[in-house]
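Got some structures for you, see below.
Two complexes, one shared chain (chain A), two partners (chain B, chain C).
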Partner chain A sequence: MNKMQKALRELAEMDELAAQNSIIHRLCPTAKLLATVLYIAVVLSFGKYQLSGLAVLLLWPVLLFQLSGIPVHICFYKLRIVLPLVLAVGLFNPFFDRAILLRLGPLAVSGGFISMLTLMLKGLLCLMASFLLMATTNFDSLCASLRKLHIPGMLVTLLLLTYRYVGVMTEELAVMTEAYSLRAPGQKGLQVSAWGSFLGQLLLRSMDRAQELYASMLLRGYHEHFHYAPMKPFGPGDVVYLALSALFFLVLRFVPAAQLLGNLLLR
Partner chain B sequence: MHMADALLAPTVAAAMYVASGTAAGVSIHKLRKEDAPQKLPVMAVSAALVFAGQMINYTIPGTGSSGHMCGGMLLSALLGPQAGFLSMIVILTIQCLFFADGGLMALGANIWNMAFYGCFVGYYLLWRPILRSRLFKGLGVKGAQRSRIILASVAGCVLTLQLGAFSVVLETSLSGITDLPLGAFCALMQPIHLAIGLIEGLITAAVLLFVYESRPELLSGLSPAEDSLPAKRSLKATVAILAVLVLMVGGGLSLLASSNPDGLEWALFGNADAGYSENMGLDEENFGVSSAAAEKAGAVQEVTSFLPDYAFQGSDSAAGTSVSGIVGSAMVAGAAVLICLAGGFFRRRKANSHKH
Partner chain C sequence: MIQFQNVSFAYEPDRPVLQNLSFRIAPGESVGLIGANGAGKSTLMKLLLGLRQGEGRILVDGTELNKASLSEIRRKLGYVLQNSDNQMFMPTVYEDMMFAPLNYGLSREEAERRVDAVLERLGLEDLKHRHNHKLSGGEKRMAAIATILAMEPEAVLMDEPSSALDPYNRRIVINTIRSLPQTKLIASHDLDMILDTCDRVLLMSKGQLVADGPTEEILSDRALLEANRMELPFCLAGRTK
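And now, the complex of A and B:
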């Protein structure tokens, strides 16, 4: 399976997840989008040593995973993209920041080590939140709610159209790559003689296709306006969800819940 | 180069959203004035093509490794800078939403680092001036144009990737995420991206040359008629040569950075005592980030990351509360496990009741 086929499978997987039905799936996309953005903002606002404060925020995505019935392992598969970059930046912290922050018996933990763990946890939490948003929300209705949030129509229409064509183009390139690799056995990747023509050929064909696409849009009555998916109303359930989430985030941002819990237990 | 959310402080992320949003707003305004609705499907299809094309492995001759294509220069050469910029935004958004390639909050920064430089800086500073210049006049009309396309693509990709990599360094340092000194971070990022930019430039040039050979009218920024160029175009040639010089100096600088990181830091930012907000102030003039936001970002960053620094270091009480923090976190983990067990229990019961 080549890279493009993998990407196609990943796209299809997200579509299938979003088509499921659960309490979270039924919420209005606007509420989910706002809650997700707020969550990520709160996660990022934690300082680099506030590991225990951050840990409590793990409860929100865990609860959502359970409520929506989305399997966690698909999310962890996507960590392979997030973690290397975060690690590349964070891995240096233990070397530069050697001040001892904490002693656990004989074990001295440096500030750099804690800040590295905080960074990794932040990466994980943010990934979970945005993955949950996409796994429980149909892309068309997400675009409709983007439009509601006054994102320019041109951008949203472009997003929808591109999303539609990402599948088509990736599939076409997957077939081309497969065909190329069958005719060039034992070679890794595209040889220099085909650098231009491989993508260029498809590009020229695609430009013609875009003209046809525009013609067919016109024939179906397209006139500067795009009809989005039917918008789910922002109901009382959405208000409750958004309010509860916001309350949870803000309380945990300013109350060191983990430490309070720990004190309670240690006392 | 896609930044993850974890690498940014919320203030920096917001400032980058404002910057990218402004550029997007200006682009949309310009495209609306153009009034070319047929351009929308072309943009969508090109964006989808570049999205897929970024997954092709290009074998680099003579080495075992492979390179990839950068979309910004290709899209702005095909669609013009504004339409190219919007298409890049859409590609980055889809990568972020469906593939977790770059975070939701970091999207503004990613658009700035990868789309803004590639589409606007690369196009206006290098692509158009070089293509309309009289460089390589001796090679005949076609040969000259081919050479110009190669030069513009390579120079454009190298320059925009250098700028992008430098922005990644600045944004991460400004967010107080890494303890890596700015100079050392630059020394890590810039030389790698010099090599990447060179390869990406060559790939972009190959694709654009193919388009030029078969359908030259698709390329944007090409001079209208080859022979009827007015004589004052030589000014543009000067600009192009200057740009190449800047590029070479930039490349040299990044090599210098690798051998002497502290020197670069000193050269760019005076001394280490000057705060990051001053650094951002310097950056703002070059990159157009609004200064109020930049100052605020600097100020808030100091509050969010410097204060815990001083409060925590070496104080015994901090260590004491940290132990209770660990115990509390363990309890939270226990609660998370309980939630999972409960969820599993209810789902099983539901499945059973469906069976009966």
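And now, the complex of A and C:
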């Protein structure tokens, strides 16, 4: 397997992290799901120059890493192939938005630069929050809680199967790139001219396997809906967790904490 | 238990893959389905499972296979796929084994009891909470068989159950197959395994049934096997005509 496949594979393998046991792991998946959605909504609601306000929201994932016992480096390690993509999103902002927004001594900081950092930070925070959700919650029970929230069963099953098929796709990809590199020694990566047929093959092969997998489900009595493992009920602990998280987000959203802190320090 | 009456099938028009097959398998029989690559063994199984439709009649326990009887018939047949990776789709062996019983309406407790009983019978208790993608080839095959047994099928169909296994794991799989009380239909070109596990053999060639008889008799007929692109089983090669 080459580096990229290994990275993809590891990203898909969250089950073991999710099987650990901590305060956060023990929470009801629905509470965690709602808190994460709320967090992402709050993160996205910040304006494009509100970098300092946004930065304080970093506290939540940091806290969750602490409480769940999931090492931060695993997060960055697993996200190493998606992270650059997310960070690249704002890369061109400095070229478009050249108005000077801030002077730090002799340094003039343009609006584009600030908005680039804001976008990157937003991407990073959302990724971390999603990672933490996946790393502390078994994917099946996450799907079960989506069902509880009345998301249509078809959609949820599709999500679950997509998650499962990522593994299938990466395996096919591994076999194919290996076969390719054996016949193209000394060549780095895949020649552009071969991309089309390569992608087509990958799709066909994954589809073949997906079809077999689906047949194997049907042959074992699968009929439209999944029988998810019973979920932990929504208990008092979950209420507290959700309420505290929500309060935390709202305070950080509407109280300019960074500014207050800055004023306090400068005084 | 299983009956084929003049069954024919083609994936593409003008290229018949199965031609006018007729045979019947009695309850409790162990039947080996042999033939060279491309003879149509896997296709025959797919027809029996209703994954493909051909011409002719297929009956299971006297019921004809059609849309209405499909789910009832599938419930009686446990199919072990050639590639175990395509069989198991849940994260752990345990969850995979629970899948069928839950679909068939068992409660979690009943299903789990069933899963534990199967694992104990096969001596696979250690695999219960293992992750599917981290199993070795031999463990995967055994887990796939366990998954099917948890359905409590009346007949077990296996497609190349010994392929890609080392001798040690192959022996474990063979012993397991021998210990199954169900009706068995086993497709393979591993004739030594067929000799060890089946009383009767159906020999296919290019979609046709060319021989049907006791295992020893067919597998020691060098002329017949070679005419159909097969070789005598290793352990019989020394002592026959």
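Please note the rule applied: the second predicted complex is superposed on the first by the 175 of 267 C-alpha atoms of A that agree within 3 Å, B and C clash if a C-alpha of one lies under 4 Å from a C-alpha of the other, contacts with A are read in each partner's own complex, and residues count from 1 in each chain.
Keep this in mind: a residue touches a chain if its C-beta (ideal position, glycine included) is under 8 Å from a C-beta of that chain, and two chains touch if they have at least 3 such contacts.
Everything numeric here is computed off the predicted structure, so don't read it as measured data.
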Which of chain B and chain C A:Pro230 touches, first, second, both or neither
second
Touch check for A:Arg209: first (chain B), second (chain C), both, or neither?
both
May I ask you to decide whether A:Ala179 touches chain B, chain C, both, or neither, giving the answer as first, second, both or neither?
neither
Which of the two partners, first being chain B and second being chain C, lies in contact with A:Leu58: first, second, both, or neither?
first
Have a look at where A:Leu244 lands relative to chain B and chain C in the superposition and call it first, second, both or neither.
neither
Name the contact category of A:Ile23: first (chain B only), second (chain C only), both, or neither.
neither
Mind working out whether A:Met217 is in touch with chain B, chain C, both or neither, as first, second, both or neither?
both
Between chain B and chain C, more extensive residue contact with chain A
B
Set intersection of chain A contacts, chain C complex versus chain B complex
139, 164, 168, 209, 213, 217
Would you tell me which residues of chain A are touching chain B in their complex?
3-4, 7, 10-11, 14, 36-37, 40-41, 43-45, 47-53, 55-56, 58-59, 62-63, 65-67, 69, 78-79, 81-82, 85-86, 89-90, 92-93, 96-97, 99-104, 111-112, 115, 119-120, 122-123, 126-127, 129-131, 133-134, 139, 152, 154-155, 157-159, 161-166, 168-170, 172-173, 177, 187-192, 195-204, 206-207, 209-211, 213-214, 217, 224, 256-263, 265-266
Complex contact set, residues of chain C against chain A:
49, 51, 71, 74-75, 77, 79, 81, 83, 85-87, 89, 91-92, 95, 98-100, 102-104, 108, 131, 133, 147, 151
If you look only at chain A, which of its residues touch chain C in the complex?
13, 15-16, 139-140, 164, 167-168, 171, 209, 212-213, 215-223, 227, 229-230
Mind pulling up the chain B residues that touch chain A in the complex?
2-10, 13, 24-25, 28, 31-32, 37-38, 40-49, 51-53, 55-59, 61, 64, 66, 69, 78, 86-87, 89-91, 93-94, 96-101, 103-105, 172, 176-181, 202-203, 206-211, 214-215, 218, 304-305, 307-309, 312-314, 318-319, 321-329, 331-333, 335-336, 339-340, 342-344, 347
